[in-house]
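Look for subunit A in each of the two complexes below; its partner is subunit B in the first and subunit C in the second.
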Partner chain A sequence: MLDIRGLTVRYSGLPVLKDINLTLEKGESLSIIGESGAGKTTLGLSVMGLVEGCCEGEILFQGKNLLSLKEEEIRRLRGREMAMVFQGVEGALHPLYTALDQVAEAIAVHSRKDAGSIRKKALGLLLSAGLDETTACFYPHQLSGGLKQRALIAMALANSPEILILDEPTASLDAGTKAEILALLNKLAGDRITIMITHDIHSAAYFSDRVAVLYGGRLIEQGPTGEVFKSPLHPYTRGLIRSCPDLSTTKDLQGIPGRMMPGVTGCSFHPRCTQRIHLCSLDIPEPVVTGGRLVACHRGGIVPLLEIKKLSKIFGKVKAVREVDLTLYQGETLALVGESGSGKTTLARTVMGLLKEDGGEFCLEGANISKRDAFFYQRVQMIFQNPMESISHRMNVLQAVREPLDINRPGDEEANNHLVRKALDEVELPGDQYFLNKYPHHLSGGEAQRVAIARALVLEPRVLIADEPTSALDASIQAKIIKLMLSLQEKRGLAILLITHDIALARKVSDRMAVMLKGSIVEEGPAGKLLGSPRHQYTRLLVNQSESPAKSMIL
Partner chain B sequence: MHINYWGEIKRDSLGRAGMGTLVVLALLAIGAPIVSQYQPAEYTGAIFQPPSSQYWLGTNDVGQDIWAQLLYGARTSLLIGSGAALLSTFFSVLAGGMAAVLGGFGDRVLMRAVDALIAVPPVIVAILAAAYFRPGASMLIILLSAFLWPGGARLIRSQALSVKERMHIAAARTFGSSWPYLIRRHIIPDLGPVLTAILVLNFRRAVFMEAGLSFLGVADPTVISWGKMMQQALKFSYLEVWKWWLLPAGAALSMTIAALTFTGFALEKAINPRLKK
Partner chain C sequence: MINRGYCINYLLALMVILTLNFMLPRLMPGDPLQAIYGDEAMIAMTPELKEELISRYSLDLTQAGQFRAYIGSLLRGDLGYSYYYNVPVAAVLLGSFPWTALLVGLALCISTGLGLFLGIESGYRRGRTVDRLLLGGFMWISGLPDFFVGMLLLLIFGVTLGLVPLAGAVTPYTGQGWAPALIDGLRHLALPLASLVLARLTATYLLARNTMITTMGEPFIMTARSKGCSGPAVRYRHAGRNSLLPVVTAAGLQLSHLITGALFVEIVFSYPGMGALMYNALLTRDYPLLQGILLLSAVTVLTVNLLVDLLYKRIDPRVAYAH
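Let's turn to the complex of A and B:
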């Protein structure tokens, strides 16, 4: 059992790892993920006793605190009880010795057996690592990258260590070799404690039982691999997952705004976090364990912004919306798809208070909303289908975009005008006097929808309900508007409820999808999964209908 | 859709004629003391004079200058007409707007009241009411408005209902705007053209009704009015002089009503693009 308690590592006074707590049972594999500079390698090195900084805390292994051992004692453990495969296959092998010699040397350091049996054992190791008799006797420059990595793994396993630390074992390998190396590692891991340091979440997902996410030297999330990747709790983890597409990913790539900065007070992620509150810049969040998962966030992880519970809306005898439950999380897109007349727009209008609900309730940021007031409208905004109709033809751009401010914060006209220009800049429209004085009928469809988006954004809402925002626009403009909305989501962490009948569009935009039929949600789930293997027959029908016959003729 | 109503009316020849006539009439009414050398009630001494350079349209049975009477009569007509138009349109907006905003039961009550009022024959009741109240100018305006508002209220209600559902109003509601704000900034401006049309229509009807009532002699006898002029002229139909007395008043009244009708036509064409050729 490996137990890391309160580990803090400083390089010349600057902390690189801060208060790391990790426990690994025998046979367990853990992946440490995070971006470069997060402190992943330092964590591996400190377990190996190779770190060149000053360490505090305890690393308990076999009842001993590795940090308090003398150099000689830890040298004896290194290579025998714990081994590390270093990052980068190029520099790690000695160019003047063959692979076999080098593995034999690693055994010989900790063994008193005769040279012949050592070489035999070394050859056995190399063979099990995937080299053959010929390649085993090659010099490093004769080996391919994949074979070098295999040789390094064989070397690390020379004395069958208890702890195996793999630092980016697959970083520079092509996809095929990567898969082979990962399969090999899985086979060889056995009942060792394996720690894989990686920035590649697919390797982590394939290889490990558990995942720990490291950011700015702190563990911010930890839990069983499947759960962490399926429903990340920390916004950073979600950002990492969104940055790494796989073949089932449907949504466009989205990054994390900003970059990692050292010496941040409070939560180390807060300068880049889109759901930060004032507390985040002051206090370091304590890791909280819930249901076997750990997350360090003042807001308890990604916040459910808008919760719709058992919402119903009845028009006479028609039940337009029947007991719909939906939750919209911070920074995500939830696409609501369905044919026309399925109640999508009614749902949106009821949420916005344009129609009175006949049952159900809403929660906004956890608070129950009984009536729509300024509090609600400053956080939830809507974009309508047709921008030409949703902007009064009697208002110019300035008046239209300023209208929400005039209603909510009347008075300081100069400050409001400044906000208007800022909002226009965000939707990539000019803020000059000429444009501000234009009327809707002077604008193109795309420009008008941008103005409508700027108007919705000027109050800095957290939730944006977009009701068919592009159905009145032509295809090239649709693409621009959708990209704009996604970039705003990336920058500001907007939660978007996208209402559309266009499944192909929803697929590119949404994290999750909900399918609506006759006023009820019949299926809901991650977009890739829902479209990949639709369960409800109506979803299957929609997917089939969306597979355009024209396209199959072109391709 | 953005429509430049003013431009539309200017482009329409009927509309131009109507507006021009109205402007001339209004200028004459306002400038009456300058354009005429006599006061309408002033006795010039000469009765039944034919038109001459001294008395442009002659004099009446007691020697008052008919041209002066005609000008001051325009004042009465325009004043009562515009007053009644404004007041009745105000009532229409109030009732129609309320019916549209309230909906449901309130809507039904208001609209049935409007139906009932429209069914009442206005002239008979107006005569009775006028005979009973002996109304002065302000009382007459109120009385006429009471008959004029129901028609407008119906129009306003139907328009307000459609305007209420417009997308930019829904958008304004999602910014958290209050109903007074919506009515002030969105609904009334959107109703603008319809309101103007109703104003013009009510103006026309009010001018006509005022003339009718004073012709029947139930209005204030001290007020100079085209209706009263015609009624008095007809008493002297056995003499030759009546035409200098009756015809100008009748022509002026017809012209005013025609001008208002033309303006109304032009407006309607501007509002309803389907009427365009």
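Let's turn to the complex of A and C:
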């Protein structure tokens, strides 16, 4: 029953923690994640009453407000009712006393027992933490990092505290030791309140029941560990998860653009957020609770940009697309894979309005779309398989890229030309007069596809539908084009619906994958998981075929 | 605890000191006797005395034989003969050494202890009034040379206030009991000791304060506080214990400075120690005595360094581990 209410901590006037609200029940373990400088350690220190800055709000524990206690009163609680294991094993133990002495001191501070029985108890603690009788009497410089961490844990648990705060307990340890320490912590945590401060989401996932994400001194997301890591609500949480690969991660690492900055008005994440709106820079988002999860975002979390509901398309007697449901979220890549003739391209063209749908509906940013107007095309753009054919041979580069602008935003020609050059620059093409005057047949395949991408991006769309964007290109050009699309995604949060029959490519590019067979989606899920353990037999077939072309030919 | 390499180092240092002490008068131009006793003494020397001195110093032997004889006489405790005092050098040294040992030893202990205490308290309260007053005060005092501090103290407490005697180590011919004698000795000791301590205190204080400030930022201090240790426990058992290490090292190194300081202070207060003795020996060119003083000082510094080394091993487990 630790209840933190409206906690604000300032270091020399500068707020480090802002309006933190957290409630922890007995036996609950919470992980606080976030990048360095987010205020994680300060949160731990303020519960311990060790924070140097000035605190506002309340920390209620056992019916007392810890923040209003006198130093002597809180000192008596420290180490007895709440204990903390500090970050950085090096230096956290006193270099001039043995591990046993230091654990014994932790007991002696709060006990009137004789020295002998205290030492016996301390030895018992060290033994249960994984040291032996020899190493227990070692000085810190004689102990390995893992053993030091164990000694620190034994010290924190010396008086069986109600609250245990662990600040990066595994940060400097190798994978094996880390796993051992985490297992030890799990064993010893018992029915205490445990708060683990970490930037390592794998440790957090293993150790805790709940996760709280801290950014710029505010809690931006909170919820049960499994749910938060499976489907993060806040774009920052997703960025964190994307930055930490595990062995099933297949997509290339993507970071979060920019860096954390102090003194930001409105939502503290908005300068780095790719789905920000004007409101984000003005108002601080209120945390909203939905279904046991909490998120503080003006947009209610990661926005589902394009929702396709029960879409059908029939050509005569052939049902090319049968009641397909798909949702594309802001900033993610959804790969739509399947053999030719499975209805992928038909689906894409129907979404774009190039074909008329025979049933179902679309939502764009939550609004129902009945007709494809300028509003729609400014947000959704498409690139096609063959760039040479998709760019009119009567237009030079300037005209081709400017055409969407001329249609959707006619007027200031100079401004539009400027936007064209900016778009070309983004796809790493020159913006000089010579290049602008080239015609499609003057361009190489890679250049032409870049021009096509520039044309799609010139309106700054939120969604890009890419239908086999690289299948007409060389392997080396393909790599460049794909990297370009991913870097644009990282920079602006572009949502990409990638249509491809190349499973290996889709695996490297996509967050989620949907497998299409005869007009229906047969399987959908996170790319790594879907390919690692495919459930539908058609998916298994696709994976097998993709594993090695030679192998599939023999079979 | 002590291994062989360690002992060999100290033995080598001792051998070098002995050899230098043996060679220096023999390297001077001219007659060794002249070098040892000076021009004036040679004029007054009778042939019989010269004969006696030559055989006494084994000057009729080879260089190796002379060295053997020198070491042999040292082992017997024979440091030569002071012609000014007209007694063996060892006897003169024995009369003065205890006073200097008392003065320097006490000054070393007090300045180290007090400097450590003030440094720890001041560093713990960094930036607060107590710290700023102490720091400012010590910077001011450290600007004054030790003999000048001695003169100031003498003027204020001895001359103006008349609280303590002006010179000497004891009041002669009183024939009092041990308790009044002790008080008398302390009264004589107070001012020279105070001026030496004051002059040395700043270095120790600054060192302890600086180490304290660095140590207070160490993670293990946070660990100690999170255990629930009280203020004094954090200050002394955790941070102070760490500040002790450089202060002990510095105390060993400071000894030679203290001995030089004692030289001046003893002269100012006419304290009958080695400093005053050396001053007299210089004035009267009593070379055997000077040689004896040099040897004794060198051996004392060596011994204290050895003690500091042993002490350091006890207070820092990492050093023992490194050997």
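Everything below uses one rule, namely that the second predicted complex is superposed on the first by the 548 of 555 C-alpha atoms of A that agree within 3 Å, B and C clash if a C-alpha of one lies under 4 Å from a C-alpha of the other, contacts with A are read in each partner's own complex, and residues count from 1 in each chain.
Definition applied: a contact is a pair of C-beta atoms (placed from the backbone, for glycine too) under 8 Å apart; a residue touches a chain by one contact, two chains touch by 3 or more.
These numbers come from a predicted model, not from an experiment.
Visitor: Which holds for A:Ser160: it touches subunit B only (first), subunit C only (second), both, or neither?
Guide: neither
Visitor: Between subunit B and subunit C, whom does A:Leu50 touch in the aligned arrangement: first, second, both, or neither?
Guide: Touch status of A:Leu50: second partner only.
Visitor: Just checking: does A:Ile391 make contact with subunit B only, subunit C only, both, or neither of them? Give me first, second, both or neither.
Guide: first
Visitor: Which partner chains sit in contact with A:Leu96 here, subunit B, subunit C, both or neither? Use first/second/both/neither.
Guide: Only subunit C; A:Leu96 stays clear of subunit B.
Visitor: Could you say whether A:Ser546 touches subunit B, subunit C, both of them, or neither, answering first, second, both or neither?
Guide: After superposing on A, A:Ser546 lies clear of both subunit B and subunit C.
Visitor: Need the overlap of the two footprints on subunit A, from subunit B and from subunit C, as residue ranges.
Guide: No residue of subunit A touches both subunit B and subunit C.
Visitor: Under the definition above, what is the set of subunit A residues touching subunit B in their complex?
Guide: Going through subunit A, the ones touching subunit B are 349, 352-354, 372-374, 376-378, 381-382, 384-386, 389-394, 403-404, 407-408, 439-441, 452, 455, 459.
Visitor: Under the definition above, what is the set of subunit C residues touching subunit A in their complex?
Guide: Those in contact with subunit A are residues 218-220, 222-230, 233, 237-238, 241-242, 315-318, 321.
Visitor: Which residues, counting only subunit B, touch subunit A once they are in their complex?
Guide: 1-2, 166-168, 170-177, 181, 186, 189-190
Visitor: Could you list, by residue number, the parts of subunit A that touch subunit C in their complex?
Guide: The touching residues are 48, 50, 75-80, 83-84, 86-88, 90-96, 102, 105-106, 109-110, 139, 141-142, 152, 155-156, 158.
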